[in-house]
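In this document, chain identifiers A, B and C correspond to the written order of the chains, with residue numbering beginning at 1 in each.
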């Protein structure tokens, strides 16, 4: 049932001797919401702009519904685009902005007006037709920009960090709205951001990128819980890294600051005496409090961050090794105190084995 | 932003005088009189040597030879000779303003959005800064050396291309010759003023328009020109005012053969050729009204256009 | 999109031709006084003429006087408006717009009417008086540029903080102006000064109507009577103007600025 919509093959882009996109392969299905996630300079925006037609690939192909779109100029690709800086036309009111694509396509005034109203209802700004951009807030302008992009019923929607210029609260509410609208319209969407929380919360799948390459391409669950590389594990969510020494490679025993523990797997090249990195998520670790699991470690509480529903603790396991753990707030049990001696526990299966 | 911090200083200076008696806050409250001392020379100068002389002239336009109030001078502006000089002035100012605007706009577009090397833009901007002040006697000499009867271009056209400009009817000492010369400072002025406006055309607008299916021409028609249009009109107005008040270039080039208003006024001041001092003042009044109105049009349009682009 | 680049070059080329050819033509004309060879005779004629030296010197002196008077008026005003009386700013800015709206010929006409023999301040009656009037007229012409230059300079060095620092250390206003503010805005001031000089040296209308032996009047005279010397004068005039502007650009690199507060 799921049909492939967009295929990118071995896409490369070089600017002045600097290769920004180093051979990327991706495949999106019809109606999917895919996010390109990564730090500044990783190439995500460049890929988006190549799909839009504002940059020409140095090599590689971009196929939409089976056809190579590289020879097409941007104004013939039928993609809708939303920019970080809203880019609403300042000399036109909301109605004219939203109807612009329809006007260019030659749609008559009557039908344009009808579709304008329909789209304005979709973005929850009915009756705003006669307002001008300078009379509206950032969040409102971005919603109008979204309406403008989808009004001509494009076959694909591109969003270039659309929330980065907005206040934190609006960012959260608007991203939900964007996702809801996209679901309703069923349009294939490419979303670019550097904010991993944004990516995790609204995407069907995430492309994690670094330095021009795809690090991992998977669902938010996969990317978060089964990161394939150290970069992905560190970029998406918080990560604990414990340095351990291999005590016995055969039995997979290690020592963490003098305390023994058995791990489910070691990197294949590890020998007794080697130093290895063990990584795990904060929510995988908990205070023992009688419910010990595979691995139990002793430590002292170094920091208590009461974040409301979540309490984040930092526990020193020994000289120089600290572990972060998240627990839910429990009204019956106050959090531990600074310098209190505690036991932390985790399951061996929660340790992530990562490639580089 | 500076007004916030500056009012802090002047407000903290207020307590001394505010302690006197509670009074309604008015425009000048909170300022110590000592502060005025620093600004006084400026204001006195402005009054004595800018505002009052001009007003003196304006009032003088309503004074008859015997000293009584009269509107006769204004009426006398309606004589054919005066009307024709105003008309010539208006035509030259309009011609050089429109030509200057059109070519100035094209050049500005070329250097800013035409994908030329960036060094060209900064060179042209610097040159424009200087050239916009070039008006005057040397400019007339320069154009005489170029397009005069013995000018370089005239001679080259004759010897190399066999084309005799002057026999074909061209003459630098004419309406179009003067207009062409005026463009030398009108075009750079236009470039200087319109460049920031063109810079204000964000790249994202082009890209958004493209994703919505618009061709480059459609972008200019629906978005680019509508946004630039007010600035353009306003600047044409400014260029008009600029040309209207200019005299030195015309004096050196066409002398009194082209009777533009400043030249008539000059002759009047020099030797009362009109035999009526009140009429001279009326001429001046006419000039001031025209330059003031056109300048105000420019300022008003500019402020309104800026509001759009916030 | 390739067409855009081609058209841009064409337009730029045409523009460059329109602006450069007259300059080249003037230089060529100025060298053509002798029938068949290029020579600098026009220049030597001009530079050796006593009239040239007198009027150029005269204009130079008037220019310097204009700069000094202008600064005495503008610097305190700009300083106080920025620091103590920001509500006067609209009035000041309106005043700086006036010289751009009032054509110079109107200005000098007004002066002649107002300060002639029948007025309480009969400046036109004496040579000294007329010279003063000329200088003041030039101050009016240069006012917008000088004010803008000084105001920009003050803004760049964050005048507010400097004044407070000097105040706390015990200085009074005059000392602050002379020893703290002025030295720091020297670059901006010099920019305004060079612009003023460029305006004054070539000015014709006001000097001519006030009957003063200024350089602009001399140029017009030469233009009316000679053929090649005017071109030489034009070249000299251009060189001076360009030189002044060049100095301004150079000075811009040496402008001091403090970090932090910008407005």
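Assorted remarks:
Basically, a contact is a pair of C-beta atoms (placed from the backbone, for glycine too) under 8 Å apart; a residue touches a chain by one contact, two chains touch by 3 or more.
Every value quoted in this text rests on a predicted model; they were computed, and no experiment measured them.
A comparison of C-alpha centroids places B closest to the centre of the full protein. The most distant chain from subunit C, with centres taken as the mean of CA atoms, is A. If you average the CA atoms of subunit A and of subunit B, the two centres end up 55 Å from each other. The mean-CA centres of subunit B and subunit C are about 17 angstrom from one another, to the nearest whole unit. Centre-to-centre spacing of subunit A and subunit C amounts to 59 Å, using the average Cα coordinate of each chain. By the touch criterion given at the top, residues 1, 4-5, 7-9, 11-12, 15, 18-19, 21-26, 28-30, 72-74, 76-77, 79-88, 91-92, 95, 97-114, 136-137, 139-140, 143, 155, 160, 173, 198-199, 202-205, 209, 216, 219-220, 223, 227, 230-231, 233-234, 237-238, 241-242, 245, 249, 261, 263 of subunit C touch subunit B in their complex. Those residues of subunit B whose C-beta lies close enough to touch subunit A in the complex are 202, 204-205, 207-215, 218, 222-223, 226-227, 307-310.
On the subunit B side of its complex with subunit C, the touching residues are 1-3, 5-7, 9-10, 13, 27-28, 31-32, 35-36, 38-39, 41-43, 45-46, 49-54, 56-57, 60, 103, 106-107, 109-111, 113-116, 120, 124, 126-127, 129-131, 133-134, 136-146, 150-153, 183-184, 187, 216, 241, 244-248, 251-252, 262, 265-266, 269-270, 280-281, 284, 287-288, 291-292, 295.
Those residues of subunit A lying in contact with subunit B across their complex are 52-54, 73-81, 83, 85, 87, 89-92, 100-101, 103-105, 132, 134, 145, 148-149, 152, 154, 158.
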